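The next block holds one structure in the form of structure tokens; read it before the comments.
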Amino acid sequence: MTNAPPQAAIEFVSVSKAFGATPVLSDISLTIAAGERAVVCGPSGAGKSTLIRCINGLEQHQRGTIRVSGETLTEATRSLRQIRAQVGMVFQSFNLFPHLTVLENCCIAPRTVLGLPRKEAESRARTLLRRVDLPGYADRYPAQLSGGQQQRVAIARALCMQPRILLLDEPTSALDPEMVQEVLDTIVGLTDLGMTMVCVTHEMGFARRLATKVLFMDQGRIVESGPPADVFDAPQSPRLQRFLGRERAGP
Amino acid sequence: MSAWNAPLAGYGTQLLLGLIFTLQVALCSYTIGMVFGVLGAAAKLSRRRGLRLAAGLYTTLVRALPELLLVLLAFFLGAGLIERLLVFLRLASEDFSLNPFVVAVVALGFIQGAYLTEILRAAVLAIPRGQQEAARALNLPPLTYLGRIVAPQALRHALGGLGNIWLNATKDASLISVLGIFSDVLKVSSLAAAATKRYVFFYMVAGACFLALTLVSMALLEWLRRRLSLSRLA
Amino acid sequence: MAAAPLEPESSRVSFSWDFFWHGVLPPLIAAVPITLTLTVLAALGSAILSIPLSLCLGARSRWQRWPAQSYSLLLRGTPMLVQIYLIYYGLGSLVPREWMRHSWASPVLRDAFWYGLTALTLNETAYVAVILKTGLDGIDRGQQEAAQALGLSRTRTLTRILLPQAVRAVFPMLANELILLLKSTVLVSTITIFDVLGTANNLRFETLRVDEPLLGAACVYVVLVGLITLACAAVERRLRRPEA
């Protein structure tokens, strides 16, 4: 569906950020190529959410450079808007607009930001709602949907903008256990779109299925990175070994 | 004395007296309002349907009518009716007439009472039901329960609303200037403005006086709020 | 402040129903449009002006916050009557007499209605802005982030996402404020505007009858407030339906 450009999709060069005196990101450098699917994992407070929120400017980095599709992130609004037009985001708490129907949630950005006419926006939205397996829900309101359904609508809403990069910030952490699988399956089903994806998650099995690259973060640094097989089956650093030991012990 | 009076074209003393008078009106009307409010809240919370309906009528009617109209009604209708009633009951002589200050203050208090009723009622309802059950289990006499348990907690819940109504009281006191028979600060300002043709100046002075009342009240309310929340009731 | 008698003897006549129905209610009802026009125009004006004011009240920059907070304090901390007098007598005396009589704007400058409307609008803006800010503050921060992530502009985010939710959240307070505004309109009767109370007072002066005009005005206002309350309740019910 998307023709990914050959340059790196996301580049971090010595990026640092602190909240007051507390460092949150320490000298992060990474490259995510177009079409790669990166999973960021690590203990709580490692800075994972902050990392991906810096990519679309929801958090401002203080030192270093961030480039998205070649475009450098500055504080200027215009550059942020251009970047956000290509970067979609799915939030932990869905953040659907409660006063709009599912269809309106999906259509509002394509219509107002991309200028799509109503018919076209709606047909695009309906196609994507079918893709996330919610074909008949266009006229419902978010409050009438379960958590898993709301998150799938959120995914459809982000996809309606046809982003080149999709960011997912712990998409299943706020869901009841029985709804986690449907959302994870939906996300894995997006791989044929060829989008670059960056996902923060605790779900290791899902990470294995989805990722082409895994980044393990601890205390604001990237401790280890590589293909999932390497990171999960042959962890090099003791911190990662401890983390995986803990994760494997879980349900 | 003339040093500060001069820019005020000699009206300085009168304005100050007017401000004091306005403050008196506000204080008296608020006090009377609290009386109406406590009675009204008690009526609304009582088990007798008649009392609840009567209080409901009170708050609904008063809150549906403009304050200025209520003041005029009190002065031109209410006062006369009460005077005639007192004469009829032979509690007063034929030519008895109510003190205008009393009429004004009771009228304003009557208005504030309607709002205070709602605030006090909500504050009492905010106290968890279990407290009443505990008091009954402990066999606390009702007056103790009311005085030592209900009142302090209700006051803490109600403080914001009570403060707001006080701020309204200080502003509503300006309404009596319309009647023309009181020398409150707004009336004096109007007279001074008309006499000197310096309208903007004197109305701004009036505004400044009320603003001063508001600011001082807000500071006192904040102090009160802090004292109450630091108390061991928290 | 001697205790002067409060009304002339002639008003201690018994209540006349005939006068009430035929002499009082018709002119009062004829004055209802003026009261309603003042209310509606002031409500609309303050609704529009309160949006930027509420944004400034919550702004991060103190150059926006301080003027906004000062405006709010000034207009909510002083009596409406003082503000009306200030605008009517004050502005009126500032405008040169030549302008009053001959300029193209003279119908506006001479008619007390516009001064009253201005005072009401400016005052109401301060109150509505505070309510609106409460509503905006109550919206989950995630909403704004989602709108930002989708690339919606600040204006769009405000008008399509934030304001609709804020208004729904504080609708009861806004409805209450509308009724307070209706009641505040009576104060413009002191600057020669013939709204319902102004007409009633006029009747008092002309006929020296006190009971009927004032009670008639009371009835009219109770009905108006009742109608507005019902209308607002209906609107509130329609606003709630989507979030079933």
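To keep things simple, chains are lettered A, B and C as they appear, and every chain counts its residues starting from 1.
In this section, contacts are C-beta pairs under 8 Å (C-beta built on N, C-alpha and C of every residue); 3 or more make two chains touch, one makes a residue touch a chain.
Remember, predicted model here, so these are calculated numbers, not experimental data.
Taking the CA centroid of subunit B as reference, the farthest chain centroid is that of A. Centrality annotation: C (chain centre taken as mean Cα position, compared with the mean over all protein Cα atoms). Subunit C has its Cα centroid 22 Å from the Cα centroid of subunit B. Spacing of subunit A relative to subunit C, judged by their CA centroids, is 48 angstrom. Between the Cα centres of subunit A and subunit B there is a gap of 58 Å. In subunit C, there is no position where the chain touches two or more neighbouring chains simultaneously.
Considering their complex, residues 61, 64-69, 72-73, 75-77, 79-80, 84, 97-101, 103, 167, 171-172, 174-175, 177-178, 181-183, 186, 190, 193, 197, 199-200, 203-204, 206-207, 210-211, 214-215 of subunit B touch subunit C. For subunit C in complex with subunit B, the touching residues are 1, 3-7, 11-12, 73-74, 77-83, 85-86, 89-90, 92-94, 179, 183-187, 189-190, 197, 201, 204, 210-211, 214-215, 217-218, 221-222, 225-226. Against subunit C, in their complex, subunit A makes its touches with residues 56-58, 81, 84-85, 87-89, 91, 93, 95-99, 101, 108-109, 112-113, 141, 143-144, 154, 157-158, 161.
Within the complex formed with subunit A, the residues of subunit C that make contact are 140, 142-143, 145-153, 156, 160-161, 164-165, 168, 242-244.
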